[in-house]
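A quick write-up on the structure given underneath.
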């Protein structure tokens, strides 16, 4: 068990965003979280990454309690997040964005090697190495954001709606990147509105509605569920 | 709040008010009367500053308005025998004019936040510098002394402190009263919306510039009258005490440390800081020049860090928490 | 007359160099920590006092004194961040500004207590260089060259080093920086240390030119902020250009009229720009 979320409830002021969430993420798997807008998916990712602290419950990573750590510590431990939209540094070049990504101690000495791996996975970045991140297209930015999160040499990668704002062809490409990344040994937790495409790369999945886990299971279980098919897969 | 505690508070308030009114008649030390009058005047000035401050229109240059009011009034009086009451009117208008020009330019171009604060800071310094530069007229950094005409209500001069005491109190009451009026008006709602999210407010049709200008002009005008009041009381004015960075920064200090968002906050803050200043000055001022100020500055910084909501705000929070706890205890007992 | 104005222009440009340095520090701190460092001028003042003290009391070489001054100010910047600014990071802007105003009071009066209210200066008789019929003061020339070199070094630092890139990134997106495993407080400390060192460098250039006194900081703070606003808050290029404009204007006005009127002219220009283009010549970089 890589990541254990046990009975986590989280609030924005008085507003409850997460209600007794319990989820386990297994190592080496791609876990997908689906659900409607406002269900709490992004909130859950923010909580894992330390931007929000749970009011109750706990989060364990490889057995260690991490729910009271600052966000930068979470990255040092091995959990990287690609926030929605990528949140690149617009006035830094592609290369500098990647360089910043390898700041944590475990990643710094291996910068050149990580850079090579990332260029191999995403060749377009090598072409655009000196271009300002803010001037790239949506799809390229998303790829850069994912690459940047890998530069930190994480164990678990959190992806928040990587398909947002992308053209359909790009969406498939980006979501399928999850498989490429998984093959390199990373574990993935991906939040996606585009449930259909996301479930195709899933090992396990969770359905989040109104801050609660409504269903969990493997890919088959989800693809076979009628409620999910109608509500989220448009079938 | 229960009916009982409401009455209790009103009762305490009336007692306080009566004591303040009677105090000078009981002939306590002139020093005490002086300090309290001082507190009244600066509470008025600070409260009037907070008309803007509470809506996130933070001005670090109100010294400009104090200075304009004071110098216009004293020059008109010393040279032309014009009553300071008229001086207040003209000085206020002068300050309002300056506020109009600068305010309009800033608000139209979306100069807000600390950028705005910085611009006002420069404005305060500019007025101080101008006063100094035209020293033939204003006496420069040596200041000007008010021509003496004995006791006269028309000329706002009295030989006995007690008159200043009550007049300053009246000004303060007026300032607080106006605070409440604004607080209950449509203006308050509009300015709060602007303060929270200007773009959203504009999109629902709130005329941003108009409302901001309105509150700025009022604040500038009344601040100038406060400057005149101060001049009449101290019978002396110089650019250091009534314009420039020092006094311009001292005003928001008093407002914040008292609690800028409550009607009494500025008054409490002023009382706190003036008392503190006097205490430190008496205790340490004699030894090394400046040591007392070092303590004073350190204390101000510490207070800002540890009392972010000001004295009133922090006490008010504590009060509400206590009431919440009491209420929940009652709930438990009832259920 | 023309030669006088031309010389004044030249000296103004040279002075602009050091002003540009000061403004760089202010813009850096504003861009990264998102705070207006009201007490920056007082840092410079303290730096000058330290140099004065070391040179006159310990007969130290002015270069070594300057280096020590830079180190002390760098540490002071870190202290300021830790003690005053970090606790207020989540507080309203006004509180942060006022806390710094309190720091101004502390610094100025500390200087008064330690060194008195008199003007303190170092007697350094440096030659006046003549370019044809124009004259230039050596101290100004040294200051200019030093400032430009420092600015170049800073640009390299910010563009080529890990730390420098981290600082720039923090200015662009605070949340993302944490996602890179970087502790923003650490970045703030480095930025403040850099700002402190910069103010020390400015102090060492000012020492041969000006005499220091407890209110020295206020005069320079105001001029520095006028330049910053003129160039657009947070805009490095704007600040750089404005520094030279103000340097030249001040220099020429001082020669034609007097220093006080020169200061007033600065402020008037500032007010005029505010009325016509408040966002500064080159516009504001959005911070919050």
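The first chain written gets the first letter, and so on, giving A, B and C; residue counts start at 1 in each chain.
Throughout what follows, a residue touches a chain if its C-beta (ideal position, glycine included) is under 8 Å from a C-beta of that chain, and two chains touch if they have at least 3 such contacts.
For clarity, every value in this text was computed on a predicted model and none was experimentally measured.
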When you average C-alpha coordinates per chain, which one falls nearest the overall C-alpha average? Tell me, please.
C
If you count the C-beta pairs in contact for each pair of chains, which pair comes out on top?
B-C
Counting only C-alpha atoms to place each centre, which chain is farthest from chain A?
B
CA centre of chain A versus CA centre of chain C: separation in Å?
43
Starting from the mean Cα coordinates of chain B and chain C, work out the distance between those two points in Å.
32
Determine the centre-to-centre distance between chain A and chain B, using the mean Cα coordinates as centres, and give it in whole Å.
52
Quick check on chain C: which residues sit in contact with 2+ other chains?
none
So in the complex, the part of chain B that touches chain C is made up of which residues?
53, 58, 60, 101-102, 105-106, 109-111, 113-115, 117-119, 121-123, 125-126, 129-130, 132-133, 245, 249, 252-253, 256, 260, 288-291, 293-294, 296-298, 300-301, 304-305, 308
Within the complex, which stretch of chain A touches chain C?
49-51, 70-72, 75-76, 80-81, 83, 87-92, 96, 99-101, 103-104, 107-108, 148-149, 152
Which residues, counting only chain C, touch chain A once they are in their complex?
162, 165-166, 168-169, 172-173, 175-184
State the interface residues of chain C toward chain B in the complex, per the touch definition above.
36, 84, 87-88, 91-95, 97-99, 101-106, 108-110, 112-113, 117, 214, 218, 222, 225-226, 228-229, 233, 260-261, 263-264, 267-268, 270-271, 274-279, 284, 288
